[in-house]
Amino acid sequence: MSARHGFDWDCILASKKRVRACVIGATGYTGIELVGLLSSHQNVELVFATSETYAGQSLSDVAAGAPEIPLIASETASYRDVDIAFLCLPHAAAAPTAVHALESGCRVIDLSADFRLRDPYQYACWYGVEHPAPNRLAEAVYGLTEDVRRRLPETNLVANPGCYATSVLLALRPLLQTDIRIAGPVVVDAKSGVSGAGRAPKVGSLFAEVAENFSPYNIGRKHRHLPEMEQQMASWRSPAPRLIFSPHLLPVKRGILSTLYVPLEQAPPMDELHSRFRESYEGEPFVRVLPLGKLPSLAHVVGSNRCVIGLEQADSTLIVVSALDNLLKGAAGQAVQNMNAMYGWPETTGLPA
Amino acid sequence: MSARHGFDWDCILASKKRVRACVIGATGYTGIELVGLLSSHQNVELVFATSETYAGQSLSDVAAGAPEIPLIASETASYRDVDIAFLCLPHAAAAPTAVHALESGCRVIDLSADFRLRDPYQYACWYGVEHPAPNRLAEAVYGLTEDVRRRLPETNLVANPGCYATSVLLALRPLLQTDIRIAGPVVVDAKSGVSGAGRAPKVGSLFAEVAENFSPYNIGRKHRHLPEMEQQMASWRSPAPRLIFSPHLLPVKRGILSTLYVPLEQAPPMDELHSRFRESYEGEPFVRVLPLGKLPSLAHVVGSNRCVIGLEQADSTLIVVSALDNLLKGAAGQAVQNMNAMYGWPETTGLPA
Amino acid sequence: MSARHGFDWDCILASKKRVRACVIGATGYTGIELVGLLSSHQNVELVFATSETYAGQSLSDVAAGAPEIPLIASETASYRDVDIAFLCLPHAAAAPTAVHALESGCRVIDLSADFRLRDPYQYACWYGVEHPAPNRLAEAVYGLTEDVRRRLPETNLVANPGCYATSVLLALRPLLQTDIRIAGPVVVDAKSGVSGAGRAPKVGSLFAEVAENFSPYNIGRKHRHLPEMEQQMASWRSPAPRLIFSPHLLPVKRGILSTLYVPLEQAPPMDELHSRFRESYEGEPFVRVLPLGKLPSLAHVVGSNRCVIGLEQADSTLIVVSALDNLLKGAAGQAVQNMNAMYGWPETTGLPA
Amino acid sequence: MSARHGFDWDCILASKKRVRACVIGATGYTGIELVGLLSSHQNVELVFATSETYAGQSLSDVAAGAPEIPLIASETASYRDVDIAFLCLPHAAAAPTAVHALESGCRVIDLSADFRLRDPYQYACWYGVEHPAPNRLAEAVYGLTEDVRRRLPETNLVANPGCYATSVLLALRPLLQTDIRIAGPVVVDAKSGVSGAGRAPKVGSLFAEVAENFSPYNIGRKHRHLPEMEQQMASWRSPAPRLIFSPHLLPVKRGILSTLYVPLEQAPPMDELHSRFRESYEGEPFVRVLPLGKLPSLAHVVGSNRCVIGLEQADSTLIVVSALDNLLKGAAGQAVQNMNAMYGWPETTGLPA
């Protein structure tokens, strides 16, 4: 972690102008992670964290090992006391809260899906409810940090990307931003740990159901992360290839590994493809392209904010394997990375390498 | 399983005298296990299974890999159509159902705690509710099969022992039924898989909470299985030693392993103690005492109806390790074993060795 | 298991014509599973089991919960004392043993790869060693039971299919045996439990490496099960589509789930495709095609000899999900099913449904 | 982490006089953890790390997610280039290396058992080999940091305590350092994650053996951590109570939870006992005593250098539950804490709270 070493003026100066932050919905897995990151972030003062269910308790009582942060009810949250609000709320609940916070002069990073799709009609189709704040969609920035960092300093509303979406988009970006021709739909076979299903208790997330099990769900073209992926892909190339996206539930706590099958026309040699990926992410602190012959696993990424990518070829199909920690680079970590970019701090501040 | 295939006289003869059974509350872990055992039991016809939540569906839709048994609402259950009812209901709900079934001429094996304690006052203390049918307590038999099998043929109401209780009582019985002097309280450090916490969704049973974790709970003298253990111990020796009973939650789906520390006065040599355990369980189909030098693990018992016991000594303390599958010998398996004994069939019928 | 208890004519009659079997290499995961199945199979007498490492011990000492079967050194194995030998040996070691057993008048089911590929040159390419018995290849039958059962009664040498291969081939067979046109390579994204890597200790199979992890390996066209899959596919349709086959290591003990992406030309409606799968496996005791809208998981198959298949569609791509227990239908279970067919017994004899 | 926040002169000054460290035996679980801690420690320059098996590779190739540190063979290690050497070697191999390093003017923290027992005869009894450097035993300090920190600045040879021993000793210290009378042997029922068994491949540590399993081993008075615990206890009270120590293998990667049963004479009220524990560890950065009514779990400690302690009572027996991460406070973390104390840095430097 860069800020820990050497003579660190950055650190010293920053301590004088700490940004005041809050976490709305702190007792889900993303919220807990975010509180952990923010409470040890050198430039941030975590002013409050909210919970409907556990207001009045300490987060450490609700989640073993979490920081001792008091939880307040969201009604008592005053957005005038903070500079930035992180929203870890269910979709449709996040948007009204975001509007309220924005109107109180607060910047917002929304970790729900509410501001990811630009088209409110598409939102209604996928989420089964009318968009609560369609007139705010235009100002939202889809926060795939590597793609959008230059816009972040002027942004007040960031739609933090979905966990699956981040893993897939970082894998496709080097291909779609070049002239490599893609011959058909891209198959994405994705696998996620159980924390991705949230902390609300349901039978399908019980230990005795998940351990020693592995299950596909919403495969094909049914998962809600599909439209945000295709929307972002279209910003890179039009028309972009269609996705076939098949998520599976892994018996692990955290981590996503996506295996992408990209049919290429006139595939360039592998070392050339590999070079393009390397160049595309040169200097990126949190995206690592492995040498040819090596593939990522969850062990490469769990506990870090990194996305690690490996390449393989089969006939004219390029296989891209992309791994990240769904709670870090896939959610809370990328949110902090976005905040760092919004305030002009080094993006790595407060994030595990 | 052999009896299902080919020209099977055994099966044919049995079908003439098949006992008609039902499972009340079939969609918890114990209920699912019981339906599995009963639906392949050669002497049993499983007439119906009930579920409040999932009535109208098939059990196989509710639990992947379970038999395709239709689930009916409990209101539509007719106890006149069955010979025996297995109750997998929460405590306090089981007793009234048991009374209703008994009055319909049905035998009952109750897997809840409702008929385990003979003293309704003690029941009220531990379960926080008045006993729903105190006048039925006298006729209930505490179904630790190895101890009580001779009474089972004439019994119509069996209180199936708790999972922890079975593991502890089988470990202590050879000691308490002899003249070996015990010098103080017996420490029982017990560890159970998560299915013991039931299938009702709660945060503490989620995969992301339990995996890579291990937690003590209700340690000391606070767990509800304590009074049924001490009651049964008192039937073997009076006064019996006090128990200190500390359960812990293991990150496994099923299995209980209890480590008991028994302080002895004038400890006999280990081989003599070992012989007493061996003799005590000689001929038992489902209790196995390992040779000295070997200890049981969950792998010895998961998937079988066995309780496996090993012995070790430290100074004058005898250590007894006792392992069983909480859903089999600790619940559904022992229930079937009890039914077998009630009808005079070989106790092993329909049970995995 | 019912046939073991009581007055069992079935058992008694069977014992007169019991087939004498042995397991060569009984202490790997497949061998342990096979000993378990054979020692409770009503038509089989398990005469001996071998182990190089553990000769002289009981299998129950080597694997907790396994049957108490004495292990002998393979040098002392007499193939004249048995009717059928199951070989659970590494490739290249199995073939010479098979020849020896065949020459002693014994039938052989080989669970290694040695007799799966018809072309010894291809064997040498993939396994890095010259085939030890190329002149025996012609008589070997590739034992995908559902495909080849009519040839099994006259067969003395069965090459039991690989675990991945079984899961993939059962998923593709209904498509390849009809006139449905396939538009390009078939992507197979496969995931296997760790027992598939064998019981020989290596760092990559340690609990602390595998738990909370998930890793791709040998993806693309590099895994040794690829040629046996394409060989079998070519027997159904020529030319068959190419495979892209990407295995991944799952943090579970057992089970394989393969997700296949089949690009179709002029895709028929899903219900028609579904009907073809249903018809193709009608009456099969161990292949189950789920209703449309349902998908298999490992929980559907672990502990059973079943392969469970589900279908989904995305644009013109058919997605087939196929799950089985790698140690049962993927190895020991299919071996017993093959033996049952070789002797004309019901295929389900001695196998968990 | 304290050093990250505020105006940190300590950090600034330290960067000028970095201590040069090496890790001998870097590819076991303790070594990997230690390299991770040292390579991000602000006051340390990790000069080299050794491995017999993997010399020439990078640690990141050997362990996914580990830092990219080149591994050298131990023969090429020059102890003159470093100020402090951390030894992660098997017992009996560590002592000669320690002597060599000490003679080169290097301080040594030995994570093996070689310098833990003061009596070379006892070492020979428990480790089955003569002590390789008995004349160095007198200068070694048993590095239970909380107990011995004042001696560390002048120490050149630290024997880092065993993982089990740390969890047990921190649980007993507040009792043994006061006048509370203990009535008999203390039962310690301990449970450890698999990383405690090391990274050398063996069948018993394979995922398919450990997952869904739980096993006692070396219970009673047979485990090698017993003598170092009783030796340290005797330094606090003489005679100290005997221990009965029963370790069990948990299906988790890391973490130890020990449940101690301490029989008390004339037990003081629980709140008084609790106060003594609180006072005993007041101000300790890495020992936390939970409020009465709360118990630690592995989730409280995995990933942190903390030991978390909870208390419960049953009759006159005090139950102490003590949890820590076996690779951090139980090994590499405590080693770094010891180094921090040796150099007079804040003990928390570079350690996860």
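What to note about this one:
The chains carry the letters A, B, C and D, assigned in the order they are written, with residues numbered from 1 in each.
By our rule, contacts are C-beta pairs under 8 Å (C-beta built on N, C-alpha and C of every residue); 3 or more make two chains touch, one makes a residue touch a chain.
These figures come from a predicted structure and were not determined experimentally.
Taking A-C and A-B together, the chain pair joined by more C-beta contacts is A-C.
Of all chains, the one whose CA centroid is most distant from that of subunit B is A. One finds 36 Å separating the Cα centroids of subunit A and subunit D.
Subunit A and subunit B have centres, each the mean of its CA atoms, that are 46 Å apart. A straight line joining the Cα centres of subunit A and subunit C is 40 Å long. Each of residues 64, 209, 211-213, 251-254, 297, 299, 302 in subunit A touches at least two other chains. Of all residues in subunit A, those touching subunit C in their complex are 184-185, 187, 189, 191, 209, 211-217, 219-221, 242, 244, 246, 248, 250-255, 257, 259, 261, 263, 295, 297-299, 302, 310, 312-315, 317, 319, 321.
For subunit C in complex with subunit B, the touching residues are 1-11, 41-42, 63-65, 211-212, 296-297, 299-304, 345-346, 348-350, 352-353. Touching subunit B in their complex are the following residues of subunit A: 29, 64, 193-195, 199, 201-203, 205-213, 251-254.
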